Each structure stands twice: as structure tokens, then as C-alpha cells.
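Okay, so subunit A shows up in both of these, paired with subunit B first and subunit C after.
Now for the complex of A and B:
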């Protein structure tokens, strides 16, 4: 009776479960919560330290954990001392707290678990909450391993957005995302919080093509114009007139995007999405997904073949710097883990089977390291500089008002650096980035490198385009990954597409069926020409 | 535990998504910084220029009355408290916010009927006059709406005369509203002073007017920054550009120099480029002129 009233007073329902469905007696290492691997449940010895107000004397050294009170001896005194210990611990100065703080643990049940809290995962969370009917119907949990985002591709990205792709779906995704960014304060407005400023530079992209690539560039521009992008073609003469700092030698054709293209600050977008998602009720957890508990069932295809369908039931989230993990029962898992999506997919059993079959098709996403260098050039190109991508693959853009420039280059397959860590190779700048840029922009012959960093591409080794949608065999795992360097600019649109797939079962605004997982098994590459 | 009892009709949510009050707080430097779940500070959010916040106060808060700052702060914090702890108040405020946004969209709708029947110039002129701006046709006088917002519809009778100058200062024109302006192919002078919704995205849209535009004034627009000014290099025929009093530009003097370099044939009025430099010799001598105790 006392216990029940205590529970109700502490905000639990009659079954002793609190708001998030956590059970009674949940304490650090308790039996229902926070399991530790290798043991059936950590049953720590719960001993209150001795307070300074009342002293206990240990009369009998034979009893190692019991302390015996002043009054008398025997078993009755043992019981009394235990009672006294318990009473003393919740008096002021005692160590026992009624509720152990378990706010760092994720809830025990969640409808959707999103693995990865970068821009892609947060975008899916936002759109799930925005498109759900009725309001509050779905519990969404975002599991992010590193809340400082020190290695996340989102924040290390150069932040560009362009429509100059060759695949129509990519162009549509980018157009939707630009619309989202332009109206970001309508989409992500939180009452009483200041408006977001993503610091968008609408300076456009300039793609240069040599003789070899000119025909491809022209056909790409036709496709882009059809989809609604504002791109114009320029000859070398026009290029020299418009941008006097450019050396058009070797350039046969250039395409210049005049509207809806530019670059912005990815960190602000991430924080805006996070703030809005939090206000809409998305739960966040810092932890690492270490295991999926799934069940299999057999089914027959139309042609009589037997397939094994898997369903993920639990996601084990391990807490940082601890052996503790929390099994989260879930209905749907979304893999938005970026460069580490391949590992997450393997944990779920994607790709475990004989090679060449659908069971044996792995998710071909791996981390690839890319360098970005920041340099200062006092005589460099002026305020009107677009994001320039040279025919050789080297790119640069202006940064701020102080004649600083950001740039880099994608290495060829043979020179791929080791993605073990994010150390920067400065030789790469000297050998591969500087020469083509200095040739294209003569002012860059004298520059001074201020700093550099490295980030990961979640590189899709199959065709460098994203993987979106459910896995055919692991039926409740959805992918939103593998964008190979253009994930940030497509994140708002892809988030909406995945949310529509989860809630309605099909794509409604943009049809991303070319990006489903099946294409890896069927061998249908979605070849994108303009990947930098 | 008291808070669960206070909430009126939604005592508990399945999602456990109770609003987290007080996620944003001020640091010592006056910037707004965010705290995450564990109380550690996340990088401060960038604030828009404060002028914008005050100018469109109506969008952000329920109270539109012009009151003293002290009482307004008290009203705001009460509303904030209510919105933080009650879902229905939060929903109401979100709904009102959406209504404000819709109002601005409604003001910027295009007049397709007029465009079909009277041509793009008439439609553009009608749009500007409806917003409260002024229009000048080639060879004619300025047409302005009177104090009650009414204007004469004579301009519909001269269909082929192009619009030469547009004064949309103080109007609610935004990105979508520019649709009506961009069809005015012979526009020579465009004034967008103190327009609260004109931002960098709008400036990137002005390139179709490059052939004819000679004068552009953006003075006092709270949302324009140097990033938007970078798009003005398309307007090579521009002869006069006014970029004074732009609160969102981080370094007005340097921006002026860069814009002057970008548009060599254009006279750029704006911040004095000595702004932000140290004390000049005249100011120093003025200080020494005052009596200094020996």
C-alpha cells in the first residue's frame, strides 16, 4: 500500500511502469534494464555506505557483510540493523535514491529505430513525425554513437548543393532539397526559438569539361533543364568574359547553374533538424548498435524457390565506455549509419549466403576518406566565384569574405587512402590538387594552405548512388545510405521518401525505385556521370 | 511529477515526447546556445539579425500590440511557459504561426488572369500596386495607391507600354512574389528598401533582368547578407546600387569593396568603407584638443 502510493507519487502507473514503460525497481544494473553481456543480469550488491550520523559497530567478524547494531545480538538484531541501514540511507545524507538515473538508456520499446544520427537519420526522423497520422502515433528512436559528430560525414562536408547530375531522380531529389532549404524556417520552425540561418551562398556551380566530356555535359544539361534546373552552357569565350580569373585553356564547354545551387553550413541544418525532431517527440540515445535479434521464416516465391525472410525484433544498443547494453524492441529499423552502414547491414544478416544469390548480396557501402584543404590567396577570384569543378575532378569554392578557399579532389581507385583514421595527407594537395587548380586559375600559383581536414564518403562501390528503401529479405530494415558524397544535398528529400515508404509502403513524391536494394543483385547500375 | 497532473487533456503521450523546455539558453557572450540532453553545450546557433526578429514580431509571438519592452517580455515568457507545458497552447501557437506565413504567401500570389488578358507588364504593375508599392511606366508619371490602398486602373488600358521603374519599398514581396516582377523585361530601376522578406534567395533570382536593370536599391533589408550580394554580378548593366544599412552583412566595409570589384561599372552606395577601421587622424586630434590634466 505504501509502495503503491509511493509509485503513484513518483509518476508511475499502477503497474509500476513510468512514462517510457520502464519497469519497477529499475536501477543501474537492475534485472530488467541495462544488461551486461556475459552475465544473466548484473546483480550488484546493494550496500549503503555508513553515514556519519549513526555509527555501527561490527561485533562479529564472522559475518562479513552484516553490521550489527548497538542493541543486543542475534538474528533479531541482524534484521533490525538491516532495517536501520535502509531507513538511514534515505534520510538526508544517505546514498540511496529512489530513482536511479537511467535517462542515458534508450527505451525498451520503440516503433522505429534509426541507426545513425547524421543529417540522413534526422531527416528520416523528422519526416516520419511530420507524415504520421494521427499525431504522436509512432515512437521514433535515433541512436547515434558519437554526439560530438567528430567523424560524421555531415559536418565534415563542404556543404554544396547542385542540380547538375545526369540521373533525373538525383536532380529531382536535389530540387526538393533546395526547396526545403529555402523554406527551412517554415518546415523546421519551433515556437519561441530563433529562426535558423543556414548561411546559404546562392553562387551556383560551374562544371568545366574538356573535349572528351563535352558531349556528355551537353546531354546532361538537356536532362537537367527538362527537370527544371536553371543551368546554362558557356563557351570558353563567354567563360573568359564572365570570370576573368579563369584560364579556359583545355575547356571545351562549361555548364553554369544560376539558381538553386550553392553551398551552406551543414552543422546549422543538422542542429535545426535535431531541435525540431526533439520538439516533435523523437527520442535520442547515445550508444552503439551491437546486435540485432531477428527471427526467420521460410517462404516460397512464385516460381517455387524457397527464401528465408528475416525480421528484426530487437536492437541491442551498447552504451559508451560501459559494458551495459539495452535491448530495444522495435518494429522497423532504418540504416542511416553513413560510412558504417555496411557493418550495420552485416549485423542484420544482409549478405550472409552463397555469393551470387540475393541472400549473399552484401550492402556495397564502405567508408572512403576524402581530404578538404583550406587556403588563402589574396589575389584570388572575387565575390562572384561559383563552386568550380574542373574537368580533372579538382574542385574549389570561396569561403567567407577573406579570400579563403576550400577545395580538394577525389583520388583515383589506385590511390585511395586508408580509411582507418582521419589523418590528412598534405602531399596529396601538392601533387594532385594544386597543379590542376593552379593551371585553371593562375592566381592560385601563390597560395598558402591554412588548414585541412578529412571526412568519409559513404561510398557505394556498385554505382556511387544512394540505396533507399527496404531490403527484400530482411523485411523490416530500410536503407538510407550510400550517397557517395552527395548525401547532404539529398537528405531532406530522401528522408521524405523513406518516411513515405515506411508509412505508406510506396514512394509518393519522388519515385526512387531505381535506388532500391534489388539492383545490386540484378546488376542494374544507375550510372551517374557527375560524381566528384 | 506535478507536471503530469497539470497537463489538461493529453496526460501522457505514447511517444514519451514531452516537450523539453529550456533547451536554448544564453551564454555569457549573449549568443543563444543549445544544451543537449546531457547538459553539455552544443555550438551556438546562428541568430538572424535582431532587426528581423523585431520587424516580424507578429510572426513569432501571439501579441501584436506595440507595448513597452518590459511588459512584452513578461507576456512572452508567460506564453512561452504555457507553450512549453501544454500541448494545446503549443498547437495553437503553431497554427497561428502557420497562418502568418500563409498571409505572406497570399499577398505574393500571381495575378494570372490579368497576365493573360492585359500582358505581363500590366500584371506586374497590378501586383506591385496591390502590395502598396509604386510603378512608373515608360513616359508616364508614378502611379501610387492612396492611403486607403486604392489605385486607378488606367494602366490596364495601355497594354504595350513597358514598366520602367518599380518602387516596392516596405512591401511584403518575397521569393514567390518575384515571379510577377521578372516578366518585366525592360525594367530599369528597382527599389526594394526595407522589405522584410527579401533575402539572399531572392537576389539569386534577379538575373533575368540583367539586360535592362540599371538601378537597384536594397537599403535596409534585414535579411540580405553578403552571400546574396555575390549573385548580383549577373547584372552587368547596373549603374547604381544601394547596399546601405544592411544589418545582416557581417562586414559592411569589406563587402562594399568586394562588390565594387565585382561590378566595375557600377556606383555602389553603401557603408562607408572606413567603417570598422581604427580612429582616423581627425578624430585623434579632436581628442587631444580637449584639456588634459598635466
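Now for the complex of A and C:
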């Protein structure tokens, strides 16, 4: 009788099952904050109470070891010591406090959860806050796993921006982004903070084409001019006149962007967006998204195919170096996780089904490692050097004012390096990057490599262009990823497009319907010629 | 009276001893049966009262509120089924026990004969409500909300206790039936002014009056659905009911003491209506609209004319049903989309047309469309305040306009417009939800055929 009432007092019913839902591993003081995976005896931060007035006889350690595990049926001593601990804790003099500090946890509820805090995620957050009709309507949470951004594509990027694409939507995105960057202090101004300087060098891009690619280059330039980009075509002689350091052998045609192209500092853009988003009320949290809790319903498409429509209503954010996670209730999830977007999409159930169906179409974004090398060449090209992209795929640009240059080359499919880590392969420079560059720019025959690093492309294996917009089946997940190396330069415009999609239901300024997820299932590739 | 109190009390063992899959069915059906019992109290003359026992009595002011309270319990239980479905059986039973306890205390409060008993039960209703808000609410802010709710009401009502004790000493009794005849006019002195304030402040906080309304948006928004329903529909009316009972003792001080509060409520109703136009959170909008409607009731009670009392009673019942209905609708949205922000769920009329009908009717009753009882109440209050002072009609008119504006704004934002992509797969309306809305609307619309039962004792 006494035993049973004590059991009830401890929160277990007659069979010893945990009745109040406060099993091992749940945090005291609030059942929704900070849960812990599994039941390995973690009991939250219990501080052993010390009370000089009341002392109870505590059992010897031999018995206590048994009580740390699961409280079993006949564990009378364990239960007694639990009760004694409880009584000691609320008597005065105890060191137990009801309220723990949970400021590192994300909020329990957020209207929009943006997975990934790189330039894409921050851009979406900024535009969501900027385009919402009544101010302060939507609560936005940005979840970023690594606040040092050590592996993020944004900060490891070379930072170029160009309009020389072949797909009109890409050109439009780039044009708006450059307008954003030019007027960045009107867009991202925060009261009492110094203005941003993203060190935009408007030196232009120079794309070189051999005989084979000349016709394509010319038609591309036509499209670009139609969209409003200022590009001019140059013959090899004009090339030699304008850039004396270039060796135009093998070049049939070159296109040179005269305005709105160049490079800038991605870190400043990131910090500027972050600062502005924070001032507009976006919440930031450091953690990793480990689970999506969703509810699903079955539906049939017009062609009779059975599909499962899902809706994510909870995101589990796991805190670093800890087993603790916080369930965040949300209405919309935005996948801006960059190179890891594929994993996040799989967590949400994208692609779980028989291949070939809409259900089974995965998000084809995977991390690809790309190297960037920094070298010094005292006799190199001067300050007017544009961002040169050779016909062979190797590229370089000027970095700073001390004769330093950045460059690299995208490897072919067979030589793709392992994206396991960000180790740099210096042989790649010797074999694949230096020869074509030295052939194009004779001054580069003698150079000294200063440093090198590697970064990830969020590579879209389908057609190397971005995925923007909602998923047809996981109804409240929006994508803003898969840009395969030209994400940074399109980020402000893509952020606005996604925000318009979320808030208004359609693209209003730039029509990105070719970039929707559906194209993976329908097989409609958006073929872009100028992918670096 | 025991025939209502006993069954309500026995609902508690009913929940604890029911099988798990019968908890909701048992409690909902039995509480609906109990609500039918309260209908028999309508069978009385409007200016008379039914003395059921030395402790309890009902008259035509208590009866509509009693009917509202008992009618609301099955509705609260129906509304809570979904968000409690994932809890353990013991927690579900605890929740229902809290609701039933609250119901019990409210029934006894509305029928109490003695003012001290009324006061004790008035305070006692705070406890189950606080437990419901802080334990089952959704966000972390619910702790703050519970604190505000508890302490605003407590601090407001402590002077009331002292005033009641003094009055008991002075008059010899605090029996509501007796003090109607024994009340002496209070001479004008400082201590009597303080007495007036002490008596009225508790109810002003509860109503709430515009300057003391801070607890309401917090409590309503953070409470779970049943908590919001009972708060909006019944607990606010406790304030109105108390004011109407206690002003019997406070003449003729009310003639000049009421001025500041009338100014506050006139100004407050326009202010809170305007705030509604700027709200982005659906529950917050409905909470502020409650403040606005209750400000009209405060006006009416302070004017103390027969028509204003009739209007106040009608408005209390009408607002109880309408506000509770709006909270249920907002909750049905929240359960599907997991967000209370209005702009994230637009164009619902395309997806859930029947629910859109309920939204339309709820918005129409909220803006006091004729011939609903909302209009009857508002019209009586506007007319009596016009006869008290001609200028108030401007403020009342502005308020009615702004009320119409925000009700329609809420309707258009949630129902009309282009569908957002992320709500395309929400679950269709459950029968439970549709019947919940109908059970709110049916009394509301049927009462427009015979409003005299809710027009109170003066009719």
C-alpha cells in the first residue's frame, strides 16, 4: 500500500511504467525544453543538494550504483533515496534551482526555420523580414551548425559575380544581385553601425573561347545583351591590344563584361546580412538539424499515381557537443544547407520511393570539392586584369594590390576529389591548373604558390543550376540550394525569389519556374553552358 | 442547485475511472446533459428570482451566464481532443479534472447568494485556470502569461475582500437578495470613495478595463484552446456579473465615481479595436477584440439604466459565444499549420469551404450584424450611452466601424486571397470540429429569434 502510493508519488503507475512522461533523459522544469536522445542515465543537470539541517542516511555507494540505471520494480532503496533527494532539494538551504539557463536553445516555436546560415539562408531570412506585409508578422529562425563557417561554401568562395550565363534567368538573378551589392548600404543599413564595404572590384569577366566554342559564346552574348548585360565580343587582335599580357593563341573569340561584373569579399556580405537580419528580428541558433517530424496524407495524382504528401511540423535541432536537442515547432522549412542539402532533404523524406516516380526523386545536390590556389607573380598582369576564364576551364583573378592572384580549375568527372574533407591536393595545381594558365599568360611561367584552400560546391548533379521553390510532395519545404559554384553571386536575388514564393505564392520579380524541383522528375534540364 | 453541482462534481470520478478510449465520449456527453438541466432555470419571471437554497439562487441575470458556462464545458472538451491526443492518459484525465473543477467553481460563482461566497469562488477560479495556462500552454511565454494573469486579478481583488468584510459589519449581511432592500445611500466621503474603488477594481481588472488589460492578450494567446475558450467566454463575464451585483450597494457614489472609468472604457474600446487592425497573430487579434467588446459592457454597467443593463447582459452572452467560436476557429487553423501568424495561411476558403462558412458567420457576429444578439446588445448600450451623453455616439460609432474593419480583415486574410503553397495538404475538417462550430453558432443564431431570455432582470 505504502509502496504503491510511493510509486504513484514518483510518477509511475502500478506496473512501474513512467506515468507522467518524465522518464530518464528528460529535462526537469519543463517538458518541452531541451530533450535528450536515448536513456543512458542522463538525468539533466542535477546538483546534489547540501543541507546542514536535515540529513538522511544515504545508502552506501554500492547500492547507489544500481539506482543510476533504470528504476526497476523491486528497487526499494533507489526509490527511497529519490524521495529523500526530492525532499532535501526543496527544503531551504538546498542548492537546487527550478529554472535552468536555456538561452543557448532555439525557441520552441518558429514560423519559418531556415536550415543553413550561409549567404543563401541569410538572404532568404533578410528578404522574408523585408517583404512581410505587417512588420514583425513572421518569426524566422536560422539554424547554423558551425558559427565559424569553417566549411561553408560562402566564405571559401572566390567571390566573383558575372552576368555571362546562357540561361536568361541566371542573368537576371545576377543583374539584380549586382544592383544589391552596389547599393548594399541602402539595403543593409543598421542604425548606429558602420557602413559595409564589400570591396567590390568591378573589373569584369573575360571568357575565352576556342574555335569549337566560338559560336556558342556568340549566341550566349546575344542572350546576355537581350537581358541587359553589357558584354562585348573581342577578336584575338583586340584582345592583344587591350590586354598585352595575354597570349591569344588558340583563342577564336572572347567576351568581356564591361560593367557590373567583378569580385567582392563574401565574408563582408555574410556579416552584413547577418547583422541586418539580426536587427530585423531574425533569431539565430547554433545547432544541427537531426530530424524532421512530419505528418503525411495519401493522395493520388491526375495520372493515378499514389503519392504521400508530407508536411513537416517539427524540426529537431541538436546542440553541438551534446546529446541535447530541442524540438522547434514550425510552419515552413527552408533548405539552404548548401553542400549538405541532399542530406537534409533525405531527412525530410524527399526521395523515399521507387526510383522514376515523383515520390522517389531525390534532391540531386551533393558536395564537390574544389581547390583554390593563391600565388604571387611579380611580373604578372596589372590592376586592370579581369576575371579570366580560359577555354580549358582554368580561371584566375587578381587578389589585392601586391601581385597576388587566385585561381583554380574544375576537375573533370573522372578526377573528382573525394569530398570527405577539405584537404588540398597541390599536385592538381602542378598538373591541371598551372599549364593552361602559363600558356595563356606567359608571365605566369614563373610564380610562387603562397597558399591554397578547398571549398565545397553544392553541386547539382542534374544540370548544375539552382533548385528554388517548394517541393511538390513535402509541401512546406522550400529549397534554395544547388547552385554549383554560382550561388554566392545570385544569393540576394534568390533570397528575394524564395521570400516571394513563401509570402505570395508565386515568383513576382524574377520568374524562376525553370528552377523548380519538378524538373528533376520531368527530366527538363536547364542547360547552362558557362559553368566554372 | 445540487442537481447541477452534484453531476458536475461526479464528472471527476467519471474521468478517472473511465476506460482510456471512453474518456472523451463519457465526459462530453454527460456534460452536455448537465447543460440541459440549466435550461430549466429559464422558467421564471424576469424580474423575479428562484431561491434554490440558502446558498444558491438564480435570477434572469445569472441564468444566461449559467447556461453559457454549462454549455461551454462539452465544447471545451471537444476542442481539446486533438492537442491532448499525444499525452499520457493520466495527463488527459488531469486536464479534464482541471476543466471540471473550473466549471464547478464557475457554476457556484454565478449562483452564489452571499457575496463572501461569491468572492471566495471568484478567487478560486484562478487556480485551475492558472494550472491550465502554465502547464498545457504552448510557448515558453506561458509562464509570464500565468504570472500576469494571477497577480493582476489577485491584486485587484484583495481590496474587494476588505470592502466586503467592512460592508458585512456595516449592513449585517451580504446576501444579495437582502441588500437589494437594505442598501443605504453612501454619503460622499474619502473613505466611501475608497470603498467604491475597492469594490469595483477587482471587476475592472477582470473585465478587463483598458488600462488594466495587459494580462488578457498574454493569457489568451498562451493558453491552450480550452483555456482560451473559458477565459474569453466565461471568466471575463465574472467581472461584468460582479459589477452588476455590487453596484446595488454603491449608490449614489457611482454617479460621479464612474466618470474616469467610463472615459477609459470609451477610449479603450477604440484603442484596442485599432490595435486589432495591426495584429499579425490570430489569437492576439481575437484577444484584443475581447477587450474592445468588454469595454462596452463596462460602459453599460456604469451608466446603470435599464436599457444598458439589458444590453450588457445580452452583449456578455453574445460575446461569450462569439469569442469562443473565434478561438476554436483559430485553433483549428493552428493545429493544421502549426503557426498562428495570419499571413502564412491564406486562401483557406478554397481548401475548406465549410470551415469558411463558419469563419464568415463568426466574423459577421463579431461585427454585430443584425439581427444577431450581438447587435441587440451593442445597440442597447449605444442608445443608453447616447442618452447619458450625446457625444459618446461619435466614439461608439467609430468603434463599430473599426470593429467591422478588423473582423472583415481577419476574414479576408485567412479565407480569401491566393492559396499559399505550403498549406495545400492540410487535413480536411473533422466532424468534431464542424460540430463544435455548429454548437457555438446554433445558440447564437437561435437566440436572435427570442432575445428576451438573455436581456436580464430589467426586461
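FYI, the second predicted complex is superposed on the first by the 436 of 532 C-alpha atoms of A that agree within 3 Å, B and C clash if a C-alpha of one lies under 4 Å from a C-alpha of the other, contacts with A are read in each partner's own complex, and residues count from 1 in each chain.
Rule of thumb we're sticking to: a contact is a pair of C-beta atoms (placed from the backbone, for glycine too) under 8 Å apart; a residue touches a chain by one contact, two chains touch by 3 or more.
Here the structure is a predicted model, which means the values were calculated and not measured.
Peer 1: With the two complexes superposed on chain A, say which partner A:453 touches: subunit B (first), subunit C (second), both, or neither.
Peer 2: Neither partner.
Peer 1: Between subunit B and subunit C, whom does A:275 touch in the aligned arrangement: first, second, both, or neither?
Peer 2: first
Peer 1: In the overlaid three-chain picture, which partner chain does A:311 touch, first (subunit B) or second (subunit C), both, or neither?
Peer 2: After superposition on chain A, A:311 lies in contact with subunit C alone.
Peer 1: Applying the document's definition of touch, where does A:245 land relative to subunit B and subunit C: first, second, both, or neither?
Peer 2: A:245 sits against neither subunit B nor subunit C.
Peer 1: State whether A:505 touches subunit B only (first), subunit C only (second), both chains, or neither.
Peer 2: Second partner only, subunit C.
Peer 1: Please tell me which partner, subunit B or subunit C, touches more residues of subunit A.
Peer 2: B
Peer 1: Quick check on the superposed pair: does A:136 touch subunit B, subunit C, both, or neither? Answer first, second, both or neither.
Peer 2: Both partners, subunit B and subunit C.
Peer 1: For A:193, select first, second, both or neither according to whether it touches subunit B, subunit C, the two together, or no partner.
Peer 2: first
Peer 1: Once the two structures are superposed, pull the subunit A residues common to the subunit B and subunit C interfaces.
Peer 2: The answer is residues 19-20, 107, 136-139 of subunit A.
Peer 1: So in the complex, which bits of subunit C are touching subunit A?
Peer 2: Its residues touching subunit A are 87-88, 90-91, 138-140, 278-280, 337-339, 341-346, 418-427.
Peer 1: Which of the residues in subunit A end up touching subunit B in this complex?
Peer 2: 9-11, 19-20, 103-104, 107, 136-140, 147, 182, 186, 189, 191-197, 199-204, 258-260, 262, 265, 267-268, 271, 275, 278-284, 286, 382-385, 401
Peer 1: Sort out for me which residues of subunit B touch subunit A in the complex.
Peer 2: Against subunit A, subunit B makes touches at 1, 4, 12-20, 23-24, 32, 34, 36-38, 42-43, 45-48, 52-53, 60, 76, 79-80, 83, 90, 93-94, 97, 101, 175, 200-201, 203-205, 207, 225-231, 233-234, 250-251, 254-255, 258-259, 261-262.
Peer 1: Applying the document's contact rule, which stretches of subunit A touch subunit C when the two form their complex?
Peer 2: Within the complex, subunit A touches subunit C at residues 13, 19-21, 30, 33, 107-109, 111, 132-134, 136-139, 295, 297, 299, 309-311, 313-314, 329-332, 470, 475-476, 478, 501-506.
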